[in-house]
Each structure stands twice: as C-alpha cells, then as structure tokens.
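In what follows, a structure is listed as structure tokens, so that the remarks can point back to it.
Per-chain numbering from 1; labels A, B, C and D assigned in written order.
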C-alpha cells in the first residue's frame, strides 16, 4: 500500500508499505478525511520527536473500517468512524490513574506518527478499536468533523483545565487552529471576556466568530501590558497557552490574576538556556505563592471524547468547519496539504484532505 | 417610608416603616428595579419559612445607593448597583469553609425577606456593602439586569454543580425562570444535547433560545421514559432540578447515567410521607452505589458573582431580558407584579418592576 | 471442580461445576484466601440481587494464577495475586467517563457473585487479568491482605468522597468492617475528630485503634442529638454512611454542617414506603439548598487501586488484620465462615478463610 | 513599646514604637509565644521583599488579646489566641474567588512583617479579629501550638494541593520545618511511600517520625535518579517542593509520573538567568503535555484553618512539638532565636520563644 512518510529529519516522500496486521482488538481503516498538523511539521523539519525513519505521518483522520479483529464487537467493515489522534491503552496503569493520554508512559497515548505509523496511508491500524473509534454521525460535514480528532479535543482541553468561572475573563495566546478551539472552548465553559492574542487576519475573523471579544496584537506593544491596561490592572481569571515561543509561560503567568489558572495545550518544540528549559517568571508567579497554577495535558482521546465532540457539532454549539480554509481532494494531495501547513501562508488556518 | 410586607401567612399589604439604620459597613439603597420571586409566593401563601409578621418582601433588586457607612470605601451615594439576593457575611465560619451562602447558619446568607426586611420598600439595608454590591454597568437594560441577583445566579449554580462535560447531555426539570437559567447555564458549561421538561408555550420558546434541543412534556407520557428512549437507554450525563414536586428527585436520579451528577437548585417547599421527607429511588440509585451524586446549594451571592454575571450580559453570552415577560413601572406596582407571579397566568415567565 | 453456591434465595450448598474457560485477556485463579461479605448474606437470604440459581458465591479473594490467556503479558501461572471485588471493563464507556465501577452498566464492574460465578470455588475466572490483578507483595499477612479487595477499597472510598478537610470532623455511621475502614480512611485523609456510631464491643475497640475519637451509641439516646451536643450545635464537616436502615440518610444529613458532604458506601438492601424509596429530610437538607451533597459509589477495583492499598499495609498506615477476628483453614470452611457472617455473633468483625 | 525591627536590608535591632491603634474590627495582642521564620531571614539579609525601614519583624505567634474594636463580637481582653501568619481581608475580591491569601493583591493576605509591622513587639495589630483569630485550646503546649500559624498551615497546603491518592507515593524536597510539615501532611492525606530529600540528622529523625519511609541524600548521588531507581523507573504520584534552589522545579518535575502533581510551598527567594526566571525542564515536562501540573499557594490563614490545625494537635494526628528544637524564654530572646534561624547550626529545626 501507499504511505506518505517521514524518511528522516527534514525529508518526506511516498513509499510502499505492507498493509498493517490486525490483532484481535484492533481495526484497520482506510482514510475518509485527513488533516496535517503543525506537529507533523515539527516532527519532520525540527526533529521534535527525535529521528524517525520511514514513519508514516499524520494523526488526524476520519476513517472507514476495513477489517476488525476477532474480539471487536461494536464495529464492522464499512463503518465510517472518527479516529482520535490519541488512542489510549484503556486498562493501562496511567489510564487507571485517570490519565489515559499518558498510558504506556509519558505521552504514550499518542501513537500515530510517533510510536507507530500514522494515518497518511491507504490503510492504517487502530488499537483497542471498540474503545477508541466513534461512529461518524450521518450527514456531518467531513471538513468540520476532521477537526475533532485533535484540534477540538486539544483546544477544548486547555479551556477545561483553566478553571474558567462562568463570566470569567480569559486570555488565549495563539490563534492557530488549536488556539481558536481554545477560544471556542473558553466560550463553551462560560467565559465572559475573551482576549485573543494574534495578528493574522483570517484567524482573527474566526476568533471573533468563536467568541473572542478583544483582539490583542504585539504590533500595538507589549501584549501583557495591553491586557493589564484593559482590565485596569486586574489581569485575567484564566489563561490558555496555545502558541508562542519557549518563554510564553512568562507572559501567561504575568497576565493571570493571583488565583488564576494557566491551561497549557502548547507543544513546546524547543527550550531555552542551553538546557532545554521553559522559564517561569519568579516575581509574576508571586515567588511561588500566588496560586497561579499551571495545568497541562495531552489531547484527550478515545471513543467517548469523540462522541461528545460530535454532539458539539451536531447541536451547533460551535462550527469547526470555519477553520477548514483549504480543502484538497484525494489521498495523494496530503503532501500538498502538509506543505501548505509548513508554509503557513496567507489566510491559512487548517488544510483538509477529503479522500473519498 | 412605604414598604410592601407580609403581614402574616396568607396576607400582604403596604405599611409605613422606619427607614433602616446604616451600620459602619452597610449601605442603604433605594430600589431601581425589582422582581418578585416564586419563593416570595411560597413565603406568603404557603408559609414556607414559617410565620413572619410585617416583614418586607422581596430579594431581587437593582438599587441606587442612598447612604453608606463610615467604613465603606468603594461606594458612594448615587451609585447604581446590582443587589445580590444573597448577601453573605464574608468572614463567617461557613464562608471560610467555602460556603458563603451558608454563613451564620444553614441558608443564612439569604437575609432579605427571610431574616430581615426585604427590598420591596422605599429604602432597604445591605450588609457588608463593599463586598456585596456590584456596580451596574452603564447602559445595561434594567429588565435584563434584574435577573442577575437570583435567577441567573441560582440557575447557573445547578449547571456548575452538575459536572457537565463538554458535549455532554443534560436534562433540566422545570422551565420557570430558574430552570430557564439552568438551561442557559448548561449551554454556558458546554452541554451538547439539552432536554427541557415543561409544557407552557412561552417558556418553551425561551428554553429553545437558551439552548434546549429537545422539549419533553408529561402530556406525551412519562418524561423519564421519553428521555431514556431518546437516548437509547443511556440516560443523561447531568441533571438539573429546578422544579417539580417533592418526589422530583426520583425522576432526576432515574434519568441519570451511572456516574451522572444531579445539580439541584430547587427550593423544596414541602415534603412527603407525614415526615417531611424527599424520596430517592433505591433501585435507580444503584442501591446507593451508582455514583449518581446529588449536589445542591443556595444561590451564590456577593459582588464578584454579580460582576461576573454582568459580563455574561455585556458580552451577549445570554440575554436574560427574554424572561421579562411583564414589565411594570413604579414601586407601587410591586403588588401587582407579585400577584401576577402568584397566578402564573398565561405566558408569564417573570414580572419586573422598574422603579425609576 | 467444587464450588460453594447460592442454589436459590435462602439456600446455599456445594456443587460440582466445570472449570471456567480462559479467554485471551483472562486469567483462571485458585483461591489463596477468601472472605465472605455481608452482601453475600444479603444476596442469599434477602434476595437482594433478585433470584440466582446455582451461582458461586464470594467476591473477596487473594488468588494464585493457574492459567492466563494468550494476550496476557504481566502474569504467569503461580503468581500470587490480589483479586479486586470489582473488575471493570477498562475501555468501557463508563470507564472512559471516569466511572470504571459502573462499566457495562450501573454497578456493572461488580461481576463476581453477581453477574457471573464468584470466587468460592476451586477455580475462578478473572476478566482483563493484566488490568485487574495486582501482585501480592511477598511476606504480607494473608488475613490482612484479604481485606483489600472490598473492605478497604469500599471503606476508603466514602472517606475520599466525603471532602474531609485536614483537621475536619467526621461522623461514621456503622462499625462493621466497611465502616471501620471508613474510620481508617477518614484518618488517612487527615480528619481530626471522628465520631463512630455503633455499639458492639470488639468493633469499638478496633474503631478506636483506627482513629475514632468519640464512640456514640443509640443506647445513650438519639445519636444525632449526641453529636450535635458534643459539637455545640455545629455538626460535622463530613459524614460517612456505612450501615443503618433505609432511613439512615436522614441522620447523616441532619448531623452534617451546611456545606458538609455525605460520602455513602452503604449498600441499601431495602427501601421504604411501599415504593422502595430512601428518604432525605427536607428541613435538615435546607429545603434542598444547604450544600449538603451526597456522594456515592461502588467499591473501586482494578490493579492500581489494589497496588495502592498494598502500600497502605506495607508502610503500616493501617493494619487491616485487626478486623480478621475469625480465621478458618481450607476452602471447605468457607461455608462455616459465611454462616458466621450471617449470625454476626459475639465479637465478630470479619471471618477469613486461608485456603493454602 | 519595644519592637524588634529590620532597620534596613542587612540590619536588625530593637526600637521604641507607638502601640498600634485599634480599628473597629481589629484586635491588639501581646505575644504569648513567637517563632522566627526562614522568610524573616530572607527578608532581612537577602532583601527578598525589597527594602524595608524600621519594620517590626515576625509573623508566627500565639497571642493574648489586649484590646478589641467596637465591632468585635467573639473576643475579649485576656483571650489566648492563635494568630495566623496570613490574615486575609475576607470580603475582598480574591477571597470571594476562593483565594483569601491573595486578598488585596498578590500575596496580600501576608501582612505581618511584609505590608505592616510584625509580631515581634510588646503589642501587635490584627485585622478582622473575629475572622482571623482562633481561641487557643486550654492545656495545649505552646511550643507545639506556635507551629500552627505558618509551618503546619504552609506545609500541609502543598500536601493538599499535590493530589495525593490514598496509598500513593510522594517525594518531598526539603526537610526544614515546612518540608517536615509537608511530610506530615502527605501522611495525613493518606500517602503510602514518602521519600524525603535531605541530609541533616535531626530533621531526618523527625521526618521519619512524621511518616517518611525513605531518606534520600544528594551525598549518595543524583536524588532524582535514586528515586527513579527505587520506583523502578515509575517516579512518584505527587511531589512537594519545600526547599531547594531556583531550579528545584526541574528535579520535582523529572521525578513525577506523567499525571502526577507538584504542590509547591517553596518561597523562591531568587531566580536564574539574569531574568529572575524559574526553569521547568521541557523534556521531563513532556513538552508541556505530560499532565505534570504545578499547584502553588501562600499559607492559608484565618480562624477556621487555625481551628482545624488545633484539632490535629488535640487528637494527636501529628506532634508539631518535635520541631521545637530550641526554646527561649522572654520576648527579648527573639533576637537570639532569629540569629539561630539565620545560622541554621547543628541540630536546629525551629527556634521558639515563650513570652509569658
């Protein structure tokens, strides 16, 4: 079968691979819709996961079930499914502790294009299929639905973690697709005022549609100072970190009220100070005593999460389709889509590939 | 001064009273807008609080500050303020434990028209004014704003307590104004599907505007069975109880998934079984083992809560003005408004009195 | 193989059964130590689960692995293991929602002697063996260790759910073995004063050893009134319900402070009022507004829970062996042990059967 | 009156001051017992709070009420009281948000020897006396009781924040008095294995008495590696940070399991990298995705907290008196006690001054 792979750091391409084998609890799927992720870009061109050889890329997909293992009960060939980016081992020690995304080890629920081949191929393998795959509701837009596996799940997570009180104020750093879902998530948790920090025109338009009330740009000066001024020195109840450099936590903490929470869903691709560190500001953090808590996580995966996200779309609580700025047709276009993601040109938010 | 009082159980009327005295931390306010509450009706005609003599009624108000005590710092005569129905003693033992609405004793934060004279008078008294009164934002509709002191705060509370997951399903029992705010609150916490149980036309219209996706009426059969059928036997993630008789918890528990939470903001005016009991269904509750938790509370009060609710209105997250179906002008019309609340006639949701 | 069964409601006995079959994820174990549970008594003589025919009894066991399925990785024949009373399906919908004990349906994680044959047999079957069985630490007393599968896990759960603040006061209704573990659990969560409600001498002795500071007996008058007097009318921060009749929640709620939580681990074997209801007191519950929340659950199961409980024993945080008042030798003695549990005679807390 | 002050950075001494004035809600107290804190040392000799002139030092005290304001109801002259180090403004905005220690601004609940004169004087001033002062139980050892205002409250806080599961494993960095109370707090929350990181003999002895099961010293190599080896690579469920240099969070995060929480009660007196930063390790933190959350805070204050801590002592859940290694008699000895704290010589844990 055909697969689009990372050959080594800095190089991608197509290659022939064997169709994956299906264990008793597994499923093999064909792609129905795909989307490249910024982290695919980090993986290939920044070597963020370390070196990988001939690893199939991609972890955002809708699929069509092609084969199921002997113990699979709820799925059959032909089912159209939502494939979460994170597919936990649900009985694992970390899952029992309440952290399925960390199953089998730190960030171990992230298997596609990390610990095994990803979804950019004619066929891909899903572990614990009954527990990880959700049925795709009939009639749902594929462009919208393919935002569930990672963008919505990751973006919402930070909003869920940021202890947003009903009517509280939120600052969201970054208006890429995850940041936009952080904005939508903040609104879904009942935020009042939402500051979105970013500069590009198209994402700003979507940020407003998703609930941002104030757009803050570094072009108008220090972003923290702008928010402090607009809140008369109070800062915000909650902060969502979905972008920025290795020192973005400095801004995040400085803009939070004492007692405010920082929900992070940023993937920190690099650190600082020759030691791969991420800095916290001592004074802004109240010398460690200001109750500015930092809550993090990896995208929640699994069937139930995907089913719930589908309800958000079904009942029009949010329209993730607004983020699908570039739509391609056919699996072979996944390369163009990834290159578009890499270039981040113009009015891009998220490129999507419809396969069937 | 003129005050509208409960003379005794079953009898209301106007009487002359002394203007209340202002302690060092207090404020005296004139009413700017008022609303009668169903609990005023319970208080007078059901004797729900026990007997009261010549007690001024009313606990939902916007006000104009007329006098402040010597220790008050943030307020001055002429300020237009939101007056929370619940005005805690913020340093009290229960407040320090995290339950300010229970300060000075069970439900002790509820002072107006309960432990002291209420707001239906030319002047009324507010304890700990700096901590309890919030500035009314300029330009805000009074009809909308007067929903904050009780309706929004109480309605949202049950949604906040019901552990609603993003995309989760919710059943709301009751579509009076508190139930409608429960629906709005469920949407504000990120609910997907929202079942509203009720029958009257006007509230149903507002329920849909606030986010209800399915309207369930007892006229079509057992309401629990209807929801179980619509969810294919699963039940719902969260339940909000904002109405119903003394056995409404039976339905609430039976419709919840194992692991689902019941957020109650119902004021139970009477019990059952000659012993003033509220029943829980043994089998539906999993013999006490189904993790169907019952989380309750009294309307959150205080300045910060009111300020946050004002943000909800300001940023158009919800329009509480839709509930103000009947608007009266002048303090003397508060009697008509209360009688309208008692009769619950026709298309009533909430009567409002604009005083100035 | 030989199995000790419930033949029908009211009748027990030995019978020959086939050795259970081992699926790919399963294990078959021999019993190493067993304990009958009060709920076995309810099951047989009260028909609490409904009728059952020839169902092997028992759900509290230590075991020796005799066979493992093809997909089992962490276990092998001969391993000595802790067998949790509750063995969830870890990937199930309820497990993904955070309620593994409710997997496959309400209370569905309770399989032994409920939905399938129990552990009182020469061999018994364990589902998802890698996720549910924990290694028994070497050198650990079997009498102590057999308290982990149900008594400790269930007893601690209510303490964990009762929102006990460090230094807070707790009332524990019931001093059977689960109630005693509730007392120990309250101490393990940092309780200050602990009221234990019960009358029998031997359990009182153990209650004190586990941290109870005040023993309250109905023989000295109304138990709620006694605690209210001892707390100068304040009541307690937290309540644990581990025994009592169908109206025990009335006492539990009446003794709680406003804002106090009730953690229930009682298995309510019967209800009241011809409708199988459990009553809540309307006035003591603050008309539904006193923030006296009722948090329930079914014994937490699984490998990680058992491993953590083993740490409690290993590091001498609690000695569950004090509860093993009656020790029998040999599987065939399980009948005597059950009859002892039924009779609750004299100084019984918990009978234990050592099989090897 | 006589007061022991910080004259400027690096210089202390005695001076005459006016007796503080008593506002309507306030109390004036005489010291009954005092203890210097490491933060007094930081304040004077490191200038950690910035420059201060003639500020009375000290924030750990038991007191005797000498005068109360006109609005004070629960206290009278002669009452013996526990004086919390943190005395919040209970109605403040941050208090209403749930963070009283942050009232009036970041860390604003810390008034003594920070924003106003401290307790090392013949008389000292307490704001909101009814809400902040707790009665000292009769017969309680003063050496033990004086640990409540700061040491126990601060130490326990990190344990409460570190999400310790019953039976979970904990690592505590630092075995000064706050770290020792972190160990005791971890045991009080139900920890199983507790690693204490430190080297001095006397604190190690107390650490063991308080529940530490493993003592880890840097003298035996990298402390993180030692704990990882002892846990077979798993790390710990919870981390308490109560000491160490500006990069101690690096160790704390590296030793936590994915999903483990870090409870910080360290007062970071200085930062790194010429920018006053505190570093987080990017890789050990899972690139921001490992759910290793960092929860912080400032010592909880107020009457209820003190009353609960008194219960811990009364019911012998912990004996804080073990930390009082050096006991002085008379207010004038507070200078010697502070110098002892500065020198940290020999077997010191905490010096205490008994004033009457």
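Simple rule for what comes next: a contact is a pair of C-beta atoms (placed from the backbone, for glycine too) under 8 Å apart; a residue touches a chain by one contact, two chains touch by 3 or more.
For reference, the UniProt names are A, B, C, D = Alcohol dehydrogenase zinc-binding domain protein.
This structure is a prediction, so every number in the text was calculated from the model and none was measured.
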Report task. Sort out for me whether C-D or B-D is joined by the greater number of C-beta contact pairs. Result -> C-D
Query - Length of the line joining the C-alpha centres of chain C and chain D, rounded to whole Å - result: 38
Query raised in the report: Which residues of chain B are in contact with two or more other chains?
Result: 97-98, 165
Requested in this report: Pick one for the touching-chains graph, please: line, ring, star, complete, other.
Outcome: complete
**Report entry** Complex contacts: residues of chain C adjacent to chain B
**Finding:** 48, 94, 97-99, 101-102, 105-108, 165, 237, 241, 246, 249-250, 257-259, 264-271, 273, 275-283, 285-298
Report task. Show which residues of chain C lie in contact with chain A when the two form their complex. Result -> 24-25, 71, 90-93, 95-98, 100, 128, 130-131, 302-305
Query raised in the report: In their shared complex, at which residues does chain D touch chain C?
Result: 156, 160, 165-169, 185, 187-194, 213, 307-312, 314-315, 317
